[in-house]
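Just so it is clear, A, B and C label the chains in written order, and each chain counts residues from 1 on its own.
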Amino acid sequence: MQMMEKRSAVHEWKSNGLPALVTVVPVGLWMVLFIAVPLIYVVVLSFCSIDQHYNVVFSFTLENYRRLLNINYVRIYGQSILIAFLSTALCLLAGYPFSWLIARTKSRWKNLLYMLVIIPFWTNSLIRIYGWRTFLGVNGPFNNALTALGLVSAPLDLLFHRSTTVLGMAYCLFPFMVLPLYTAIEKLDISLLEASNDLGAHAYQTFFEIVLPLTASGIFSGCIMVFIPTLGYFYVADILGGGNADVIGNLIERQFQSGNNWPLGAALSIILILITLLLVKLYQRAGGDMKNLGV
Amino acid sequence: MKRSSVITGALAAVCLLAGCSKKEAGQVSAKKGGNLNIFIWTEYVPDSVIQKFKDDTGINITVSTYSSNEDMLAKVKAENEGAYDVVQPSDYMIQQMISQGMLEKLDKTKLTNVSNIASAYMNPTYDPDNVYSVPYLGGLAAIGVNTAKVKTDITGYADLFKPELAGTEVVLDDFRAVIGMTARSMGYSMNETDPAVLARISDKLQTLKPNIKLYDSDSPKTALISGDCTVAYCWGAEIALAMQENPDIKVVFPKEGAYKFMDNWAVTKGAKNYDQAMAFINFMLDPEVMKMVLAEFPYMCPNQTAVAGMGDAYTSNTAKNPPADEVSKGEFVKNLDTDTLAVYDTMWTKLKS
Amino acid sequence: MRRKTKKMSQKVLSIVFCVCIYAFLFLPIVVIVINSFNATTSKPYLSWKGFSFMWYVKLLKNSVLLDSFANTMIIAACSTVVSTIIGTLGAVGMYKYTFRGKGIIDALLYIPVVIPEIVLGISMLTLFANIHIPRGMLTLILAHVTFCIPFVIFNIRARLAEYDLSIEEASMDLGANRSRTFFEITLPVLAPGIAGGALLAFTLSIDDVIISYFVNGQTKTYPLKVMESIKSGVSPDVNALSALILVGTILAVFVTQSNLFRNKGKKIPEVKKHEKK
């Protein structure tokens, strides 16, 4: 059947070039024009410099990359990866049991429970992050409640720390962990679990040796879909981190705004792309399937 | 699924129609007086003033905001020429923009209200004869202290580095402001270029890191009022506004002499709505309009007619109207060469890492 | 008996856990909605001064905010339509035909999905700046279409995975020409994938912050207007608008997804990846 399909597909192409062109040229042209060309330009830009008036000078230089290998920049890359790692871990630890419970529930409200995960994300993400900032403030509702209930003697200092940024990132990206996990867990054949139990395996054994490997695709794609965006979410770092928890996205944003240094910003973007590609390679090496991303 | 696709499609179409009809209405009214695009600092021109201008002239005005001079420069350069008509650069930025040929000459015949500006503020060194700009508001970047929560004695920039103030401060998200402040706390100029001196400033700057809780150039008063921060290094009027909300907050002018600034109206080269821009700037020079501005954003005001019309509540409030001796002690930011700026950028990145 | 209590306590624990997660998800929304009824008039609008509807009234007069919402709707509608058309054609074409350069286009499609948005944002900014396209509605729509197309295509591909090409051949054998086959056979079969992709594109466009931040020029979209408000202290009319939008979207979901409550245990409103059997 597959051989026949392939043969007829090639045959169709040869005899009907026009339909192929009509369907493929729009997307091809669009992607080349708006993705490939700008990215190539960004690569070129990363090897340029600026003059006294912040205009780009098109002469080859490695100065930007040399600057970006400075220990101070490397420290921020490290901080970004740490924040991304902690956010991903938080999402996974909270998201896995949650997805399990929702995916395997026999309740008649299952669809509603699923939608209730998605509904918050129809409110603008910025206003929700601001909601967290309001909530966690020194004189905000959380501290007021805690002091009123007598649980603390002085308001807790919760805002503008690295941990606040991790919370915000995890919050924003939670559905990207839950959705792939939900899909993977739903496909799990419960008879396998029953068989494992019948054969005398302990619950933990069943989990680590049966369930985890079978849902691995969900775990991997969830982790990647949370980890990578965290590196670029500058507004979460700004609003909740207050400037103390900058990620690579903040560095890039700064060079395209107050830094007035597009070539340096371009070089930072290339470094971010390289880190992303490395993570994607690791993902593929660990067995992740590219088809699981983005759906 | 088919029915819901139809309904979703219908919803989208309704949204599109609603949006388009609103845009049409906006465009029709624009034809009357024309358009104007202004690019201003956050928290600097009241909405009521913008509305008054719209009502008085019928000009359809679009307001965009920025948090620092460098942000403004970046956006103006990134856009096509004349995308923004009116901008509000500070002193050194006016000089920078003039040298890059980014500003239009002002038609003085249209600026009938310019006589309201005190002569002391006219003909500044950064724009001799006010060819390209007229002053708007200025002031000092002073220190705000919540005296109920902070028992440490603070008399100058140097005290901001005290270890007791760990995790209490909101500072401007502006590398020239913070690095300059550090320099002044050590007795140096805000515009140092000597690499050896810069290295020492960098070390001192690192000691400030544990004290900074928040970087905010837009509305530092928010953190002071909400109590998330108890010490602030920010624009004078922000401290004044915080003081109005919380009487425990006091203003401290640094004994080393503060970071001084004067913001100006200017028109970008190739501005598409030059006449409307002139009308707007003249409108903003009107003393009655300036009084509306000062009621909401009380900075140091060069418009002497307006100041004369303000009551004691403004003129004797040092946070709003800094005393002359503090102003004369202050220092302006100046333009620096690219290599020095690269060093500043590294210092700033190190602080934030 | 012990097993029963163990199961009971497990169940209670699960319910408590889920409730906590949901509470966590909805917490900031509750804060935002409550503050929309705050009778405060002084910046930064954080202290509670009493219950009032005044900010809902003020919202109606806030033309800048409402305009930004209108902009977002227009951009989202246009981007969805354009990206769905290009995406549907592209998905079908890439499924049926093999040609040189297919791998490149495939790789390019993964870039907006995998690479952080800020890289796309700045790269498109440099493109528009160099071609001297004035930044505004046009560049916003172009940018939004760009990041929506891959999501549309991936959604349709999931549907295509179990699409049997021989149906098309049968249709053409019976005398229908290519375009008739496409519109009357291919599209209806792919309709759930197309609808799912379009819905996803619309959702992504409405909430886009980072890419819009770089290519918007002076045009305010609703997320960017919120960002601007956050800098000065969010006035409760922004909260009011967010509350109204939330209510609106919940109603829209209930109207279009009536099978939500008729649970057969399997059907959910999002498109799921179907495995090739």
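Annotations for the structure displayed:
Quick note on the criterion: a residue touches a chain if its C-beta (ideal position, glycine included) is under 8 Å from a C-beta of that chain, and two chains touch if they have at least 3 such contacts.
It should be emphasised that the depicted structure is a prediction, and the values quoted were computed from it without experimental measurement.
If you draw each protein chain as a dot and join the dots that touch, every dot ends up joined to every other dot. More C-beta pairs touch across the A-C interface than across any other pair of chains. With centres defined by CA atoms alone, the chain at the far end from chain A is B. Here the spacing of chain A and chain C, counted between their Cα centres, is 16 Å.
Rounded to whole angstrom, the centroid-to-centroid distance between chain B and chain C, based on C-alpha atoms, equals 36 Å. In chain B, the residues that touch at least two other chains are 78, 226. Shared contact sites, meaning residues of chain C that touch two or more other chains, fall at 46, 125, 257.
Among all residues of chain A, those that touch two or more other chains are 137, 139-140, 256. Those residues of chain C that touch chain B in the complex are listed here as 42-44, 46, 64, 66-67, 70-71, 73-74, 76-78, 80-81, 125, 129, 132, 134-135, 191-192, 195, 198-199, 202, 217-218, 228, 231-233, 252, 255-257. Chain A contributes residues 50-55, 67, 70, 72-73, 75-76, 79, 137-140, 155, 157, 159-160, 242-244, 246, 250-251, 256-261 to its touches with chain B in the complex.
Within the complex formed with chain C, the chain B residues making contact are 1-5, 7-8, 11-13, 15-16, 18-20, 22-23, 26, 37, 42-43, 62-65, 67, 78-80, 83-84, 218-219, 221-222, 225-226, 241, 245. Within the complex, the chain B residues that touch chain A are 68, 70-71, 73-75, 77-78, 96, 99-100, 167, 173-175, 212-216, 226-228, 337-338, 342, 345-346, 349-350, 352-353. In the complex of the two chains, the chain C residues touching chain A come out as 14, 17-18, 21-22, 24-29, 31-32, 35, 46-47, 85-87, 89-90, 92-94, 96-99, 101, 104-105, 108-120, 122-127, 130, 142-143, 145-146, 149-151, 153-155, 157-158, 165, 169, 178, 203, 207, 209-210, 213-214, 222-223, 226-227, 230, 234, 238-239, 242, 245-246, 249-250, 253, 257, 259-261, 263, 265, 267-273, 275.
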